[in-house]
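Down below are the structures I want you to see.
Two complexes are shown next, each including subunit A; its partner changes from subunit B in the first to subunit C in the second.
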Partner chain A sequence: MYTYDTYDQAIVDARVAEFRDQVERRLSGALSEDQFKPLRLMNGLYLQLHAYMLRVAVPYGTLDSRQMRMLGHIARKYDRGYGHFTTRQNIQYNWIKLAEAPDILADLATVEMHAIQTSGNCIRNISSDQFAGAAADEVTDPRPWAELIRQWSTFHPEFSYLPRKFKIAVIASDTDRAAMRLHDIGIQLIERSGEIGAKIYVGGGMGRTPMIAPEIRDFVPAADILSYLEACLRVYNRHGRRDNIYKARIKILVHDLGAEDYARQVAEEHLAVKALGIDPPAAELERIAAMFAAPAFDADGPAFDADGNVTLDRSDPDFALWLDQNVTPHKAAGYAVVSISLKPVGGIPGDASADQIDLMADLAERYSFDELRVTHAQNIVLPHVRQSDLHAVWTALNDAGLGDANIDLISDIIACPGLDYCSLANARSIPVAQKIATRFAGRERELGELKLKISGCINACGHHHAGHIGILGVDKKGVENYQLLLGGSGAEDVSLAKITGPGFSEDGIVDAVEKVTDLYLTRREGEERFLDTYRRLGMEPFKEAIYG
Partner chain B sequence: MGDLLHNRDDAPLEEPAVTLDAFLGGQDDATAVRLEAGDDARALIAHIDRLKLIEIAFPSFRDGRGYSAARILREAGYDGELRAQGDVLVDQIPFMRRCGFDSFAPEAPVDEAVLAASLARYENVYQPAADAAVPVWKLRHG
Partner chain C sequence: MKLLTGNDLGSGNVLWWTGAGWSRHVEDSADVGEGGESIARAEEGARRVNVPYVIDATGTPDGPRPAHIKDRVRALGPTVRSDLTLKPADPGAGDWVI
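This part shows the complex of A and B:
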């Protein structure tokens, strides 16, 4: 875990004071809402349908128990007793009073947290692999690079008024658990001749014009990464479109220029900025990386079998189910990665109560070397759990209503807040998620891995383009209408979902989902996932099943 | 107030600035040029030794192209007056200063006390830019 030094702390403390001053100017009337808006947006404070919403940054989704408890404290003291974990690995609170926002930031600063750049047309929270540091397939822990980039991008004087928001993801495995190529910049750390460097993808994104980022550069060494990003951003800041908000993301620039021409411009710019000496010395990445050193994994004690696995008692069928669905292998023998589902059937995807947040913090402290992760699928991970502790962890989770065994199943739905909260939404997302989860309750495992994602408007915060099944809510002459999409993926087999045809009512969309999954069950071959069957068969038979 | 909006030893240049097109199209004896937000600052680099004022337009506070233009000119060695003109908000001036602007002509009046406080607020920065501020990684490693 990264720990602030006096510089980091001073910067965050200064931000609290600055925002307190800005809020006071707003409350006194010295600032109009128009003037205040860009200031509050730089601090993650949105004006929603019913109240202010505050989005708190969880850099690369990593938290310790002290920070997690603070999130619970804020939910309890300033909100209605719960928080909402987001697809950007952040948390947001939906019922915030403007006058209290500075106090929340001050509370966050006591545990090295903030809301800096969680909104606005700037570089947003850096996202990463929720299994970083625990995954067997990573070439290195991506988080030191993410932290280096976080610091570089914080209050970047040149890139705080970009044409649009800007999202960067860093991963270090061939398996993509962070939808890396659907980011403005996706970075995959790779090893070449013993050196770790970055493969750079630029110009991915969802929204109304979804695009998969093309590769721009095959290898950027650590010594050049910040100057290279500076060049990527400068070309965008200078040439990205500003005449049309819907064409202002970097994906449009890269698409219009062509990846090759964009890459050439970046290379030229990089020659100029590299010479300025703006890259930190290797010692800075080393300083950060030292704080992410692996915990003292200690596999002695319980007996392990030849594969390094504890022989667990699977006699409780519910526990066995949870082991199969929510527990994944760890790089250290005797340990496992636990994914906690925030997707109970009938619940709001990504919501957790203050008590649940506290409980997850307690479990992290006791069983996971004090670490938690937020996932882009709106779940929580305990990254380093001893296999011999799994039953105790599961029992505690179950008692708190957090024991759902549905990770990556059809009820593990990503959904945006939708029209229940969001002023941009055209349709509600949460009730559709609840109805689908309820319809398939008890049958999820039969359908296997099936990623279903729901957005309540074309901005695609619910990642519907990347869903094996995607649902997009639109407004059709004043009535909520839901379009069905099939075949998307945000993983290493990245693809964009395609729309099936005319949309449906709220109940009709649930029926349509059942029709396509029924077809899958009759046509699947071998171990095929829904996505594989769709890719093999193509859209036609699914269309026939829905509309025929 | 004059100091906060003009942190140079010389007085603001009063000479009317010519457009980039006019400058490149023949009026190259001018010593003051105005760049619109979409103009290519690099087109001026060959001439920066002769220029005393470059004014960069901010048609809207949301239009951040001028921040890059300013850095490009400073990185190329321009040391004359670099003025931000237009929809320049008080809370933006610290970032503009970091990008190399040393003169400001906001369309709407700027609150002096607010500007003074915001310029003094951050002691440290995370990244080098066109000003003298030393990034924390340098302070950490010498």
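This part shows the complex of A and C:
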């Protein structure tokens, strides 16, 4: 885990004091809402449907138990006893009082956390692989790089007022667990001839104009990564459109210029930027990397079998299901990665109570070298669990309502807050997720891996473009209507989902999903996933099943 | 009919103009006719409400019902957490929103 140095702490503490003064001036009337709004947004404070909402940054989704407990404390003391983990690996609180917001930020600062750059047209929280440091297939731990980019991008003077918000993901495996190519910049750390470098993708994103980021550079040496990113941002800052909010993201610029011309401009800019000497010395990266050193793994428990399953006592069928669905091989012998589902059937995707948050912190401290991760699928990961401790972990989770064995199944639904909370939404997302999960309860495993993602508006916070099945809520003459999309993926086989046709009512969309999955079950071959069958058959038979 | 609504500056709570002040309950709201904008300016200036705006609504025996679902959600609370709405003892209150 990264530990703040005196600079980090001083910056965050100063920001708390500054915001406290701004809030006092707003409450006194010295600042109007028009003056105050950009200031509160810079500190992650939105005004949503029912109250202020605070978005707290979880850098690259990594937390320790002390930080996790603070998230529970905030939920309990300042909110209504729960928090909502988001598709950006952050957490949001829905019922914040303005006068208490500075106190929350002060509490967060005591555990090296903040809400800076969780809104606004700046570089947002860096996202990463939730299995970083534990994945058997990574070439290096991506988190030191994510941390370095966090430091570079925090309060970067040139990039505080970009044409639009900017999202960066860093991974280090061929398996993409972070939807990397659906970010403004996607970075895949790779190894070439024994040297670590980065493959760079620029111009991906979802929203109203979804695009998959094209590869801009096949290998940037480690010593050039920051300066290359600086060049990428400079070209965007110079040419990105500020006249039209709908065309302001970097994906539009890269698309309009063409990836090749954009890459050429970046290469030219990089020549100038490199000379500025902004790339850190190797010793600085080593200093940061040392904080992410692997824990002292010492287990010699049972190993995974040839199928990747844990060979433990599987006599309890519920435990056996959980092992198969929520436990992933670890790079260290005798350890496993545990994914905790925040998707109980009929529950609210991504929500966790203060007590559940505390429990997950306790489990991390006791069983996972004090580490937790937030996933973009709105779940929590204990990255380093001894296989011999898995039953104890599962038992504790199960007792707290966190034992659902449904990771990557149809009930592991990504859903944005939708119209139940969000002022931008056109339709509710959560009730649709609840109805689908309930409809398929007990049948999820028959369907195998099936990623269903729901957004309540075109901004696509629920990643509907990347769903094997995607659902987009729209406003049709004041009534909620839901469009169905098929064939998306945010993984290494990235693709954008396509709309099937006319939309549906809230109940109609659940029926439509079932028609689609019924067709899959009748037409799948061998071990095909839903996505594989869709890609083999194409859209037409699914449309026929839905509308025919 | 037209209603004036906004959020409380400090708490963020949803508020409705009653004709004489602000209420958390849409049932208390008054038809502001064409005068909503001027009331909004005065009330916002006095920091009694934040980001006020005028909406369309219809009169019903149970009181005014906002025309758009977004404002009905605002009036009640999240439909997926009846315990956090203004009518926690009425699990069916969400039906009014739909």
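Definition applied: the second predicted complex is superposed on the first by the 536 of 548 C-alpha atoms of A that agree within 3 Å, B and C clash if a C-alpha of one lies under 4 Å from a C-alpha of the other, contacts with A are read in each partner's own complex, and residues count from 1 in each chain.
Here is the rule we use: a contact is a pair of C-beta atoms (placed from the backbone, for glycine too) under 8 Å apart; a residue touches a chain by one contact, two chains touch by 3 or more.
Small disclaimer: the values here were computed from a predicted structure and weren't measured.
Student: Which partner does A:Pro281 contact after superposing on A: first (subunit B), second (subunit C), both, neither?
Tutor: first
Student: Looking at A:Ser495, would you say it contacts subunit B, subunit C, both, or neither? Reply first, second, both or neither.
Tutor: neither
Student: Looking at the overlay, what does A:Ser505 touch: subunit B (first), subunit C (second), both, or neither?
Tutor: Neither partner.
Student: Using the touch criterion from the header, give the chain among subunit B and subunit C with more contacted residues in subunit A.
Tutor: Comparing touch counts on subunit A for subunit B and subunit C gives B.
Student: Which of the two partners, first being subunit B and second being subunit C, lies in contact with A:Thr175: first, second, both, or neither?
Tutor: neither
Student: Looking at A:Asn398 after the superposition, I want to know if it touches subunit B, subunit C, both of them or none. Which is it: first, second, both, neither?
Tutor: neither
Student: Which partner does A:Thr140 reach: the first (subunit B), the second (subunit C), both, or neither?
Tutor: Touch partners of A:Thr140: none, neither subunit B nor subunit C.
Student: Share the list of subunit A residues that count as touching for subunit B in one structure and for subunit C in the other.
Tutor: Comparing the two interfaces on subunit A, one with subunit B and one with subunit C, no residues are shared.
Student: Under the definition above, what is the set of subunit A residues touching subunit B in their complex?
Tutor: For this pair, the touching residues of subunit A are 5, 7-8, 10-11, 14, 17-18, 21-22, 25, 30, 35, 38-39, 121, 151-152, 154-163, 226, 234, 237-238, 242, 272-273, 276-278, 280-281, 283-284, 287.
Student: Can you tell me which positions in subunit C touch subunit A when the two form their complex?
Tutor: So the residues of subunit C touching subunit A come out as 7, 9-14, 44, 47, 50-51, 67-70, 73-74, 77-81, 84.
Student: In their complex, what parts of subunit A are in touch with subunit C?
Tutor: 26-27, 29, 33, 47-52, 80, 95-99, 348, 419-421, 423, 425, 428, 430-431, 434, 478-480
Student: Give every residue of subunit B touching subunit A within the complex, in rising order.
Tutor: 61-65, 67-69, 71, 75, 89, 91-92, 94-96, 98-99, 111, 114, 117-118, 121-129, 135-141
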